[in-house]
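Naming follows writing order (A, B, C and D), and every chain is counted from residue 1.
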Amino acid sequence: MNDAHPKDALLEVVQRGVESIDLGRQLRTGMPQSPNHPQFWHTLPRRHGDMVRADGSSAANDMITTGTHVGTHIDALAHVSFQGKMHGGVDAVAAGVGGKYEELGVHTIEPMVRRGVLLDVAGHLGVDCCEGGYEITVADLEATAERAGVTVGAGDVVLIRSGWGSRFAEGAPYVGGPSGVPGVGEAGATWLAERGVHAAGADTIAFERLAPGGGHALLPAHRVLLVEHGIYIVEALDLEGLAAAGWGEFTFVLVPLNIFGATGSPVRPLALRAAR
Amino acid sequence: MNDAHPKDALLEVVQRGVESIDLGRQLRTGMPQSPNHPQFWHTLPRRHGDMVRADGSSAANDMITTGTHVGTHIDALAHVSFQGKMHGGVDAVAAGVGGKYEELGVHTIEPMVRRGVLLDVAGHLGVDCCEGGYEITVADLEATAERAGVTVGAGDVVLIRSGWGSRFAEGAPYVGGPSGVPGVGEAGATWLAERGVHAAGADTIAFERLAPGGGHALLPAHRVLLVEHGIYIVEALDLEGLAAAGWGEFTFVLVPLNIFGATGSPVRPLALRAAR
Amino acid sequence: MNDAHPKDALLEVVQRGVESIDLGRQLRTGMPQSPNHPQFWHTLPRRHGDMVRADGSSAANDMITTGTHVGTHIDALAHVSFQGKMHGGVDAVAAGVGGKYEELGVHTIEPMVRRGVLLDVAGHLGVDCCEGGYEITVADLEATAERAGVTVGAGDVVLIRSGWGSRFAEGAPYVGGPSGVPGVGEAGATWLAERGVHAAGADTIAFERLAPGGGHALLPAHRVLLVEHGIYIVEALDLEGLAAAGWGEFTFVLVPLNIFGATGSPVRPLALRAAR
Amino acid sequence: MNDAHPKDALLEVVQRGVESIDLGRQLRTGMPQSPNHPQFWHTLPRRHGDMVRADGSSAANDMITTGTHVGTHIDALAHVSFQGKMHGGVDAVAAGVGGKYEELGVHTIEPMVRRGVLLDVAGHLGVDCCEGGYEITVADLEATAERAGVTVGAGDVVLIRSGWGSRFAEGAPYVGGPSGVPGVGEAGATWLAERGVHAAGADTIAFERLAPGGGHALLPAHRVLLVEHGIYIVEALDLEGLAAAGWGEFTFVLVPLNIFGATGSPVRPLALRAAR
C-alpha cells in the first residue's frame, strides 16, 4: 500500500467521519443477569499504591469472573441442542467431550460487518415497553418494517426492540420472572429464518418471549434460530439510543471474543453510519 | 430511514463487500500470558446431556476467569501511573478507591473505527523476528514507514510488527523472560506521541522492549504513551496475516468490553478494506 | 515416638471412638448467600471421558470461584473496621495496601480445638425459629445457658441457635431482606465479650440481628466482637443436628483455610465427643 | 449436658491442653502448583476505605478463584478413573453427567479424626530430601517404620515424608518437571493398601514418584489407592515441622470443604497431641 495509490473506499468514508451508536450494556458487578449463569464480577487484585517500581511507576490490574451469557452477549450455535442434536445434526453430547465445543463454538462466529435493521416494535405500537409475556407477532414485525420503510433481507442482522431494555437499570424486574418478558415466539423466529437473516437480536435477556412465571422452560425461538437455521442470537442489547436516533438501517459491527470452544461471548455491538 | 432514501455511504461500501483480517489471538486455557495477571480459564459448568428440558432442548454454558491483560488486549489509561499520577495528573491512589477506576477506566475508551497503519519492522529489516531485547529505533520506524510509503498521522492507530508474534504458539518463549522481547523504547514511544497517534499496538505482550532477563521492571514506553500522552496501547496482536497481506493502511476497528472501572480489556481488533 | 511408649492421652480417647456432628453447610452452586459477596460456583473443567492417558486412567478436576463470606464461614478480624481502625487500633486503609491484610487476615487465626458451647435460644423459647428481626437479648442468653446447665467461659466458642438455620433450604428467605433475621444485638455481643469467649457463631448469615428491610446497614455486634474485642465470628452454621442431639458442650474444631491476607474463609466446623 | 454431669473424656483432654502442628501450606497467589489446575488467586473486591457505612464501620471482602487440587489438598475418589471405572466399578463418564460427581465426590469424605503415622523416609535415609524421580520402596517404608517404632494399622492415615516439601518455597522446582519428584510407586501404594490405611499423604504435589521429565503421564499409585482400594490421597503436605518434632504417631484431623460433587478440596490438616 502506498499513499499515492488510490485510497481504499472504506477508509475514505471512515476518514470523512463515522457516527456510532453503542448497542452494548456496560458490564458492572451487580447488573441484572440470568441466575443460570455465573455472575459477572470485576475486582482489582492490584491497585496503584500497592507496589511502586524502581522508576516510580505502578500498574493496576483486574480479575474478572463471568459467564458468557451475561451483559450484552451472543449465543453461539453450540449453546442449544434439540433432541440431542445441534445445528447441522451435530451430536450434542459428543461435541462437548473435552470441555470445549470445537464444532459450533463461539470461535466459529466470524466478526460481523454487515447491514443491520432495527424493528422498533414498541415504537410502532406506540408504547414505551411491551408488557411482560407479550408475544411479538409476525404481523407486528411486518407492520413495523413497513412503517419504517425497511426490508429485512438475507444476511442482515435484525434487531427487535420491545422497549423492555428501558428497564435494565431496574435490576431484577428486567430479568423477568413473575412478569414474563416480551419477545417473539416460534412464529416470529420462523419469519426471521425465512428471510435468511444472519443474526437476530433483542433488548431482553432471553431474546424470545417468556411467559409470566414461566422462566426458561421452553425456548422455541432458540430452537428455530440456533438449531434449525444456524442463525446467531444477540441478547440484552441496548436499543434505546438507536430507536431515539431513528436509524432503521445501518452498518452493524459485532466482534465476539474468540474463546475457543465457548457457547457464547459478551459483545459490544455498534451501529455505524457515515457522518452527514 | 427509508429504503428509498439515499443510501448511507458507509453501508454502500460495506454491502459491496469488505475484506477483514483478524488481529486478535484466540483465547485458550494455557495460552502464553504474563504471570502478573490472573490466568485465562474457560470451563463448561453445563454441557449438553447434563439436563434436558421438557421440550427436548438443552443449553450448555460457560464460566470464564481471567485477567484483562491477557490474550490480545488494550491498556486503559488507568493501567499505569508515574510518581503517583495517572494521565492528566489524576491522583492514582485516590482514583482506585471503591475498587473501580471511574476516571480513565477501560469504559472511557471509545470504540475505534479509524485509520490503522502497519509498520512491519521485521519485514523492513528482512528478518522473521527481531531478537529478544532488540530496541526498535526511531530510524527503524521511519525507514519502515518510508519504504511502505505510509505516513503516520494524528488520530491513527499504529501497529508495530517485530515478528515476535510468530512465536506465540511456542508458549513460554513468547512471554520473554531470559531472552527479553523486542519493541520500541522511550525514543520510539516519544516518536509515536509526537505524531499524535490515537493508539499504538504491537505483536508482543508488553508492547515495548524488555531487556533479557529484565522482566517488567521498567516500562518507559508505557509511561510516555499512557501517562504522559493519553495514548492507548494494544498488546499481543497477531500481525502475521496483516504483514503477509501487505496492508500498510486500513480501517482499524477495536471495541473494548465496556467493563466499568477496569484497567484493560481483552479485544479482537480487525483490519478492514473494501473488497477489490 | 515408640509404640512401647505411654500412649498419648488424646490419641487414646480418639482411638476408643469419637462422635462427630458436622456444623457446616454443603457448598453448592445456587445456595443462599449474601449478594455483597462473589457467588460460590463450582464447575468441572475436565470430566472423565474428556481425555484418557496412555495407561487407561483419567483425572477429573474442578474450578471454584467464590467469596470467602459464603456458606459456613469465619470472619477474620480484618473483615471489619470502625472509624478507620481495625482491632488493636490498626489503621484499616493502610493495612490493605498491597491487596492483602497481612495484619489480622484469616491466616492469623489459629486452628481451633477448644470447648464449644451451644446456646439453643430457639429451643429455650420453645419455637422452631425466632422471628425475622427478633433481637436475642442478654436475658435470653442467660436463661438458655442456665436451663442447659452450661456456663460460658473464657476461651470458649459459643454457638447461638435462633432456629433460622432451618430455613437454609428455602434459599432467598434465609438471607433475610424484607423479613429481617434474628440474632443478638450490641447488648448480646457485649455479654459474650465480657465472658472472654474466643469466637461466637450463629445459624444465620450475618450472625447478628438484621432489622426487617434493613439489610446490612448497621452491624453493631460485628463492631463489638471483631473490632473492639478481637473475637472471631462464625456464620451460617448448621446447628440443627447439634440441638437435636442435645449437646450443650463439646470439643469444637474449626480449621480456617490459611489464605494469606484474606478477610474470611469458608469453614466446616465439627462438634466432637468421646463415644459412650 | 450439664456441668455437673461427668465430663466428656475428649473435652477433658482438650481442656488440659493440646499441641498442634499445622500440616497445610499457606494459600498464596503465585505459590507452586500443577499447571493442570486453575491457579489459586485471591483478591479484595472491597477494601477498607472503599465505602463507609453510616455508623462509621466498613467491611472488606475477598474473591477467590482456584482449582481444588492446589495447595495442600485431598483427592476424592471421583478424581481418578481406570479403564472407564471409578472405585467400586462406578461408570466414570456417567457419574459426571450433570457436572457434579454425586457419587464419590469430595462431599462423601467424612471428616477425619483418627490415628496418623509419619513415615519420615528422608530422615531414615539421612538425607534432607530424596532425589527427583527416586522411588520410595517397600523396604524404605518398612525400615522407616521399624526404626521409628511405629506400626501402620487399618484405618490409619499414613504420611510419607520425602523431604521434597522443603523445596516448596523455591516455586517451580517443587512442581518437578525436568527433575522428577520422589515418592512411592505401585509397590509402595500396594503396601499401604494391604495395611488397610484410610488415607495416605505426602509432601509432594503428586504424592507418587514422577519420573524425570515424565510429567503426570502415568500415575499407578493413584490407581491403586483411589480406584482399586478407595483410599484417599493428601498432597502437598508440609511435613517439615512434624519431622522436626519427631512425632511418629498423633491424632490426625482433616476436614475437607463439603463441596458438592467436586473431585477434591483444599485442606489444612492438623497433627494433635495432648500437651505434656
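Everything that follows uses one rule, which is that a contact is a pair of C-beta atoms (placed from the backbone, for glycine too) under 8 Å apart; a residue touches a chain by one contact, two chains touch by 3 or more.
Source: prediction; values computed, not measured.
Between the contact lists of chain B and chain D, the overlap consists of A, C.
Copies chain C and chain D of the same chain sequence form an interface built mainly from equivalent positions, shared numbers / all numbers used being over half. Taking the CA centroid of chain D as reference, the farthest chain centroid is that of A. In this assembly, the C-alpha centroid of chain C lies 23 Å from the C-alpha centroid of chain D.
Between chain A and chain C, the centres computed from C-alpha atoms are 42 Å apart. Counting partner chains per residue, chain C shows two or more touched chains at residues 38, 41, 43-45, 47, 49, 63, 65, 99.
Shown here, the protein chains touch in all possible pairs. Every residue of chain D that touches chain A in the complex is listed here, in rising order: 29, 41, 43-45, 63, 65. Listing the residues of chain A that touch chain C in their complex gives 30, 35, 38-39, 41, 44-47, 49-51, 65, 97-99. Within the complex, the chain A residues that touch chain B are 1-5, 8-11, 13-16, 18, 20, 22, 24-28, 36-38, 42-45, 47-49, 53-69, 78-84, 86, 92-93, 95-96, 99-101, 107, 110-111, 113-115, 148-151, 216-220, 222-223, 227, 246-251, 253, 255-264, 266, 268, 270, 272-274.
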